[in-house]
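By letter and in written order, the chains are A, B, C and D; residue numbering begins at 1 in each of them.
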Amino acid sequence: MRDAILHISYLIASVCFILALQALSSPKHARRGNLLGAIGMLVAVVGTLLHHDIISYEWIAIGLILGSLIGGAMSIWIPMTKMPERIALSHAFGGLAAALVGVSEYSHRGAELGTVTIVALGLEVFLGFLTFTGSLMAFGKLQGFITGAPITYKGQNATNITMFLSALVLLIAFAFHPTAAILFYGMGTLGLAVGVLAVLPIGGADMPVVISLLNSYAGLASAATGFALHNYVLIIAGALDGTSGFLLSMKMSKAMNRSFANILFGAFGTGDASPTDSAAAAAGARYNLATVDDAVGVLDAAQTLIVVPGYGMAVSQAQHALRDLTSALEAKGAKIQYAVHPVAGRMPGHMNVLLAEANIPYDQIFDLDEINDEFSRTDAVLVVGANDVVNPAAKTNPGSAIYGMPVFNVDQARAIIVLKRSMNPGFSGLENDLFGLPNTMMVLGDAKATIKELTAGVRG
Amino acid sequence: MRDAILHISYLIASVCFILALQALSSPKHARRGNLLGAIGMLVAVVGTLLHHDIISYEWIAIGLILGSLIGGAMSIWIPMTKMPERIALSHAFGGLAAALVGVSEYSHRGAELGTVTIVALGLEVFLGFLTFTGSLMAFGKLQGFITGAPITYKGQNATNITMFLSALVLLIAFAFHPTAAILFYGMGTLGLAVGVLAVLPIGGADMPVVISLLNSYAGLASAATGFALHNYVLIIAGALDGTSGFLLSMKMSKAMNRSFANILFGAFGTGDASPTDSAAAAAGARYNLATVDDAVGVLDAAQTLIVVPGYGMAVSQAQHALRDLTSALEAKGAKIQYAVHPVAGRMPGHMNVLLAEANIPYDQIFDLDEINDEFSRTDAVLVVGANDVVNPAAKTNPGSAIYGMPVFNVDQARAIIVLKRSMNPGFSGLENDLFGLPNTMMVLGDAKATIKELTAGVRG
Amino acid sequence: MSSELHELLFGLYIFVLAGFLGHHVISKVPPLLHTPLMAGTNAIAGISLVGSLVSAGAHYSKLSTILGFVAVTCATINAVGGFLITDRMLRMFKTKRGGTKS
Amino acid sequence: MSSELHELLFGLYIFVLAGFLGHHVISKVPPLLHTPLMAGTNAIAGISLVGSLVSAGAHYSKLSTILGFVAVTCATINAVGGFLITDRMLRMFKTKRGGTKS
């Protein structure tokens, strides 16, 4: 009876999770879906507490309370701009939890386990620990605890491949000698090492792709736990999680016009500018450095304005100031649209969350396909800390590293205002021809400060 | 070992079926998907033949060969216009197969079965036999063996509901008395009766919706078989089949602007015209009856032509003739587009298959949303045996039975040629104001014959 | 938990997941291909063949064998006929001009 | 067939179906909501909680209990934190003007 309730609670939880993800197809019902997901989790936890192996609840209670406090605190106080870090950390927790469950399971049931369970446990600790250290590395790189530059050494790819193969060999050996604990713990140790060494050589700015990929490893670790414990809700959640991470990292690398392999083994994103391959640099282009007043003149005259936010908006936390500026312009009768590129910022959907935080309605926000034809018709474009996603070299210069990546046609606009701090390049380290166009005004300075001045100018 | 192979073959088959349905998202890879589905079926059959209960193969071989011959013959020689009948028949076969497996299972294992299996078997025979007779009735109505008019009697809805409830009561009783064979066979008999009596009162033209609904019952019967036999590929195929039938019948009733309940209990689609609610009839509109030559003049002059096929094209098998006509016009430089309404004809996708049969490329075929704005810009529209789907009363006359159903804006075109045999109404039995418009030419006669004359005129 | 209840739960998991999946897969099929879809799901439903094969070949009883035989025949008609006619239809869908009448 | 192999097969069915389903469901999420999607799948991954609860409460051994306790804490952080932060984000997405800054 208890067992039946347990399993039914898991079935209910599975359905809730599926419905929660389905609801994310539109912001209208996404919140309700998330609530449903939380309810599913609650049902599964309550069902589990009836498990007949559980004989005391004190450690459980302490863990639940402690976890809730930490989790609650983290999600209430973390600023929206720190989402990538937040997500990296939680993958670390997820990987650790999966790995520890695997160790605990093996330590007390070791000898009696069948081959299938043994293999599942092996995979679980390997993937779990890999996700754990890998995510911590990614977190460190994002936070700047570890240098964001790729740390490379000779033969690193060979080392990584060797470690993966060793893990495979250990797994096979373990399947045949399930009582050899050394094999099991060897896999765990290898997982810890691979997590560190595989992430080290990847540039800090590529971390979002790494994080998504770790997401799918975490999912696989969960699914492996499910196979080991014959727990189907774990398999379902793990598979959903795994596909989500995988699809998002594919989307990112596609939108960045780079292959997966290039990201994982390419040591790209060094931050060292290599502007030699840009036509603008070759031509020694002069930039049209403008004052705030010049920009206010353009904004005042514009009936239609497209705002293109980029990573710089996140850095300077300019979203609220931007909202004030566009409100002031709207009060004067201008029509404002926001153009958000799929890889603007450093995380899928990064800009959307920040704009939403600043109360900008999402029906004013447009995707690449939706708005790219509008640039040639609009009066003015305001580029707020975006660089690569508006670089025309991606369309025109076959020699450029980002050639072929779809970008906004900002270069076709009548008047362009660009806000950034310097003439330094963006994520890809490339010069941007857009900044040298005759109809582009560069207003240098921190985006938030500049926008505040612009607002003051527009208001009065 | 054998058992493992069996189950793995079922898993492979399940994946193949899913891929087959996924491939139907585009005509480009749909055919490959279908092949994959067939391979999956083969794998599952071969796997099953290893089942340790099977001790002789002669009946199996005869059944397989006989079934292949009949199935092969039916699919090679059946004309495309008979697809609805073909599909109704195959549901009948499917339902019968499921029901017979259920009877066979109960007859030899009856006493030893657990409650879950018992309930699954009960559902299986009820749904299986219901699908069997229901589909035969639908087939008979489509073929004209049984009158297409709704056969109604007093208290029919009460009778149907009573029968459904009795089935439920029997099922519950059966769950508690699994050895009472009378309850089991009672459910089967009820299924047979419900199939006949529930379909009798529904009009022949509504049969497509009924067939789709029976599709989903057949799916549920399969799934129930899967529960009874612990066979997961049956559950998966049944669930896929069930959702497909259900979604298609929902789509149809939505596109016809009628509720499910209205179709199932409404005794609509009598074929008796009731033209009183039409504005055109009230105004005593005069029709502009034109000759083939008049129509040739219009076609000759048109640079752009939209063809709207309807059920009449299927009746007169005019698709090949139509293709010849449009080829002739294209040879003269005209641009041809085809507008296919979601419920044109008598089956979802009916017109598309016929046009494809006549070698008309599907990139010239457009959906309601895609083409509805074009009608006001095109030189001429050729309506081939369509009626309800071009009836402007759906937009303008709130009193009309089809008010609110989305229709083509043919009434906004500059010149309209309508091919039909008479001034009789279409499926819904309503007069059509379109036919009375000053820019509409009615060319009466069988569509195929008229089109042949038109082609001769255009060529000559 | 009894093994029967366990099997029921298994079945429910599968049924629920396949139902959700079916919903997504079917809604992606364009109206253009709705008739092939109906024919194709029909073919797939022919999988009830695997249930009937055992009945027809196991000699549980004379009745079982006969019922099994009829069921095998019916299901085979659906499976073979369904895939063939779906293929026949799908073959007709072309973008480019030309080709012979089928 | 051994019961273990049976469990494996059953797990594979679930995994395959959920994988296909995940593919369809995730591809329908618009770029607008990709960050909440990442946070939301994170929250759902917190379900590994149910695996750790048994370890923490079963007293199989001291080691098991401690490992279980740490795992419960970690997984709870993800589950509770994940749903809360996803909700916090989703609350911000609005169409109409007005409302206060969050």
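Annotations for the structure displayed:
FYI, a contact is a pair of C-beta atoms (placed from the backbone, for glycine too) under 8 Å apart; a residue touches a chain by one contact, two chains touch by 3 or more.
Note that the structure is a prediction, hence the values are computed from the model and not measured.
Checking B-C, A-D or A-C against B-D, more than half of the residue-numbered contact pairs recur only at A-C.
Of the two chain pairs examined here, A-D and A-C, it is A-D that is joined by more C-beta pairs in contact. Centroids of subunit B and subunit C (each the mean of its C-alpha atoms) stand 17 Å apart.
For this pair, subunit C with subunit D, the centres built from the Cα atoms lie 34 Å apart. The distance from the centre of subunit A to the centre of subunit C, each centre being the mean of the chain's C-alpha atoms, comes to 41 Å. Touching two or more other chains at once are residues 18, 232, 236 of subunit A.
The residues of subunit D that reach two or more other chains are 5, 10, 13-14, 17-18, 20-21, 25, 28, listed in rising order. Within the complex formed with subunit D, the residues of subunit A that make contact are 10, 13, 17-18, 20-22, 24-27, 30-31, 34-35, 37-38, 41, 44-45, 47-49, 51, 53-57, 59-60, 62-64, 66-68, 70-72, 74-76, 78, 80, 83, 86-87, 90-91, 93-94, 96-98, 100-101, 103-105, 107-109, 114-117, 211-212, 215, 218-219, 222-223, 225-227, 229-245, 247-248, 320, 340, 342, 347-350, 352-353, 356-359, 361-363, 365, 367. Contact residues of subunit D toward subunit A in the complex are 2, 4-5, 7-8, 10-11, 14-15, 18-19, 21-23, 25-61, 63-65, 67-102. Residues 1, 5-6, 9-10, 12-13, 16-17, 20 of subunit D are the ones that touch subunit B when the two sit in their complex. Those residues of subunit A lying in contact with subunit C across their complex are 3-4, 7-8, 11, 14-15, 18, 232, 236.
Residues of subunit D touching subunit C in their complex: 10, 13-14, 17-18, 20-21, 24-25, 28.
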